[in-house]
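Chain IDs A, B, C and D follow the sequence of writing; residue 1 opens each chain.
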Amino acid sequence: MDVVEFKPEREQYAWTFGGVEPVMRVAPGTALRLWTEDAFSGRLTSPHDLPSEHLDMSEVNPQTGPFYVEGAQPGDTLALHFVDLEPARDWGASATIPFFGALTGTDRTALLHDPLPERTWIYQLDRDRDVVVFEALRGEFRVDLPVAPMLGTVGVAPAGREVRTSIVPDTFGGNMDTPEMRAGATCFLGVNVEGALFSVGDGHYRQGEGESCGTAVEGAMNVTLIVELIKGGAPAWPRIEQDSHYVVVGSSRPLEDAWRASQVGMIDWLHELYGLDRLDAYQLLTQVSESPLANVVDANYSAVTKVAKRFLPPGEAFGGMHRYLREQAAAL
Amino acid sequence: MDVVEFKPEREQYAWTFGGVEPVMRVAPGTALRLWTEDAFSGRLTSPHDLPSEHLDMSEVNPQTGPFYVEGAQPGDTLALHFVDLEPARDWGASATIPFFGALTGTDRTALLHDPLPERTWIYQLDRDRDVVVFEALRGEFRVDLPVAPMLGTVGVAPAGREVRTSIVPDTFGGNMDTPEMRAGATCFLGVNVEGALFSVGDGHYRQGEGESCGTAVEGAMNVTLIVELIKGGAPAWPRIEQDSHYVVVGSSRPLEDAWRASQVGMIDWLHELYGLDRLDAYQLLTQVSESPLANVVDANYSAVTKVAKRFLPPGEAFGGMHRYLREQAAAL
Amino acid sequence: MDVVEFKPEREQYAWTFGGVEPVMRVAPGTALRLWTEDAFSGRLTSPHDLPSEHLDMSEVNPQTGPFYVEGAQPGDTLALHFVDLEPARDWGASATIPFFGALTGTDRTALLHDPLPERTWIYQLDRDRDVVVFEALRGEFRVDLPVAPMLGTVGVAPAGREVRTSIVPDTFGGNMDTPEMRAGATCFLGVNVEGALFSVGDGHYRQGEGESCGTAVEGAMNVTLIVELIKGGAPAWPRIEQDSHYVVVGSSRPLEDAWRASQVGMIDWLHELYGLDRLDAYQLLTQVSESPLANVVDANYSAVTKVAKRFLPPGEAFGGMHRYLREQAAAL
Amino acid sequence: MDVVEFKPEREQYAWTFGGVEPVMRVAPGTALRLWTEDAFSGRLTSPHDLPSEHLDMSEVNPQTGPFYVEGAQPGDTLALHFVDLEPARDWGASATIPFFGALTGTDRTALLHDPLPERTWIYQLDRDRDVVVFEALRGEFRVDLPVAPMLGTVGVAPAGREVRTSIVPDTFGGNMDTPEMRAGATCFLGVNVEGALFSVGDGHYRQGEGESCGTAVEGAMNVTLIVELIKGGAPAWPRIEQDSHYVVVGSSRPLEDAWRASQVGMIDWLHELYGLDRLDAYQLLTQVSESPLANVVDANYSAVTKVAKRFLPPGEAFGGMHRYLREQAAAL
């Protein structure tokens, strides 16, 4: 299998899903070794870097891509298998940004409060112990947190002629910010435009569910993935297959609507996999669903529905694509 | 340690939090062995039992209790340690109830649709294999699901002179429907009235996160718990301590508000445990929170924030009450 | 027609809907001349009275009542016709209360902000010009606002054995805080318990739609109303009939659900009045609905759907009760 | 004053805000006489035209424009004064569209219901009596409704490099669907890109507040407007000035957030107009706000905050632009 390497120059970053010329054409079956800049475009490097002074909010979540997938047509399904996610720096950054986050008034939840104080935390990465170190800014508190690399942002060009910023999650994927998007996972996205035009970015060295303050341990990432294409079969919402789980991500507001979308998406998937009647699938899901939140901060909130495969008979999602890609990845 | 046994007669069930005379006075330090009827008051026993014909919606979630805890005053903290939850029958039931559930119009999300079809599923319990069996009503699909007993409803009398039905979760606990409420967990509830007046009920042999259709594998339960009282320290929202995790449950609508309440509750708890500055706690939580949904169906939705103790320095929540109760439980 | 006068002593105030013994039994057809204390229980009398120092949040929205209506049974419809609402003092008060209001974090929309500054505004009532005077606390700004008396709180005892504080609006009415509840209006409430047990309170000398800061121009009120009873016909949500409009009030969270409830309630009403097919009623309502918000601050938000009678053929709601009560009122 | 006429050919319709080449350059001060096609692109002409058969959901809300306004720079304020809105046909259409509307499950509020029945209503326009005629599809019910022409969609190109479909309302205006956008009103929109690139469309012969079923009395419209430009001063959310009212439109989900945005926008405006302290403005708004809903159906919901000028001292919004444009209009 060919492995194509690509590290974008700063002027090659994409800031949107859709509306950008592809950086490259790739054939289905191609492996890509990519580099992604962090969500802050690398502008926060010390606890003294205040977001309001150092960040350019029109340049966050830089995307590596988009990639034009040969043969991809609207209605097809793009499969992206994440072979490896490797922190590309020895530190990550997180910050409270004025009027951004889940526990503050925002431009959408418009209130009369002054912004919360802005702060920047730098996490040192210890590769030997595979941890990042949280150090409180006030007081002596310090703990190690396991590294758990993931990609915040994986998406294709939207439908309906739209172009969306890379801060937004929706049916096209985008800034879903779910820890489920990790090495070993295959992400399935419906194709909306010719060539699919997918991009990735916003690596997190780790993130809690919900991403409360709005920024994870943000860090540049080396990403190895394999691109595949399935003709037809486009799911309504992004799906992820892991060795252990089926996962659907819904994104909307209010949060119950994001979760409902992921639940109905999973009911549809169980129907496809096993021919289950929708009410039977609803009942089964009621008893087996895992429902970890993804983010409650972005323009849309993202919620996850997961079902453990150990509860289910063997299934062949998308013709066994995930298993096939696992084998391909092992051969890299 | 004394163990007091109590199995209510049908006419002793409580249907509300608050507004009911206690069935018993108990001293802090008492162990109780209780029996709880299922959420349907035992009225659904076969797939032919339709909710609209067999259920009395004014008699769901029967409570065992309330118990008057001697010495409990408003502002105190009630600790309930669940020693054991044991299915009291060899089957459980679940159902779709007209205009009830997360993926249907309801009295609150009022729409113009006809109700979804009503159906009843009966789950046989296999004690040898420790599973309940899901059988599709349409087609041949059948899977085993591990038994994972929990209590849907644990609460005290509300504040503000209120009386709430046992379907409602709120600051007083109540129908939180979270799988976190399992054997080995200690639940901390703020006391609102003299004697606390707690009750328990709504046993689930298992439940998925979110409880999509509105009813888990509902079953009668034998509940062993130890009652303790902490003077003062009442938390704003219910807290749970497990050997592995700290847990806060928030209940409100929309779902983001339920989750926000649980997040702020956890930030407060981290502040109490470690003296962490609130912004530092916000940052730390952003990277370590687990955020599994509890229910998206009740009068209020319930969302959970969990933090794994392995990420944290040793802490002494409520003066080490959970560890103490674990020891007491081991000695039973 | 008899007119019964009643002014409660301070110790007679009710603080809840349900759970309180009636202050009086009244026969249908009785006129009542009542006095209601303001929402602050009269504790804010000067701009120097800070809510955190002067208010007792467990004693807000004192109710005059409850009244036991002879013959009222669950499923019946209580009709309260407001003959006259007359400010009982020469001033009203409003305030920003910490963590209360629509444009601040609250106990439900839990955020990490400090509370907004608390302030108290006193409005002088000028009876000659029929205005209250708004005076800015900072700067010289001062404007006259027309007096527009209304009752924030009109309700009956809830269903399901519940007792709710007088801050809450729901299906039983309660703290709906809608300017539609004014002299000349007839309010129809479903009866949940024997005797209905209605009460009124929370007079506003005027209020904007949404009641942003959470408190209107709060003032003691002289209330003249006529009580009537309709056997059966209980509406799902409170209805109001005015000479000019039919009005339905829904209360829930998020706000779209409050509004949906009011819309479906109006579609039901149009169906009852004219035999309109529900989809035809949905279509008609789409083109004629007035949808002014009531409050976006209480435990539930309240939204209003109104339809102008001038768009409709003559109708006989509740057997012409409103017209009948207008005639009775004229004869008082 | 010059009046430029423009009626787009079908292939000239724009389907998005942003991402489209301008149809024309106009200098500030220009009057335009435009024709806009209806929201259905003219495809529903009889009650027998079912949306699922006749509508192309990728071609709804065709826009007339965009127009490049000479000199407009990001941060400037575009003023569009609507001189006249005149129905361009003698009939309008409305429909229930599967999974679209406020009282049905949708792609966002994903539920398991089948869609509501789809229906199309045709309204005949009677120019002599200035009414459209509602005729029930089931039964004989028929009423006249006053014509009240408005534009559902008025917007500029979005910020952040985005392109949004003409179904979406947001900070850039767009599909706000508020009856406030009528002849005699001036709409103020912040400019995000050079030339502003505004467009208009989606004429309604009348619409209720909330637009429950998702479609008003949709009709082609002759639109006369005057374009002006104010350097700087871009408001965060669309503002409208009428002779009688100041109006702010917020668009988000859940509905309380849409309304909060409009409220904070109005508080900012009152601060700008009168130097009012923000808490004083919050208090004043609490007592004078009118809060009619706009739509509860689109990708974002839209809510309105209005303040009657009769409650306020004389003010000069945007340097008196509205009064100036009224004079210009009178001279046309």
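Assume a contact is a pair of C-beta atoms (placed from the backbone, for glycine too) under 8 Å apart; a residue touches a chain by one contact, two chains touch by 3 or more.
Because the structure is a prediction, the values reported are computed rather than measured.
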Mutual neighbours - chains that touch chain A and chain B alike: C, D
Computing the C-alpha centre of each chain, which chain sits at the greatest distance from chain B? D
Taking each chain's centre as the mean of its CA atoms, how far is chain B from chain C in angstrom? 35
Between the Cα centroids of chain C and chain D the separation in whole angstrom comes to 32
Distance from the CA centroid of chain B to that of chain D, rounded to the nearest Å? 47
In chain C, residues with contacts to at least two other chains: 103, 109-112, 116, 253-254, 260, 263-264, 267, 279, 282
Drawing the touching chains as a network, do you get a line, a ring, a star, a complete graph or other? complete
In their complex, what parts of chain B are in touch with chain C? 15-16, 18-19, 58, 107-112, 160-165, 236, 250, 252-254, 257, 260-261, 263-265, 267, 278-279, 282
Over in the complex, which chain C residues touch chain D? Could you list them? 94, 96, 102-103, 116-117, 119, 121, 134, 136-139, 141, 143, 145, 206-217, 253-256, 259-260, 263-264, 267, 274-277, 279-280, 282-293, 296, 301, 303, 305, 311-313
Under the stated contact criterion, what part of chain B meets chain D in this complex? 103-105, 109-114, 116, 254
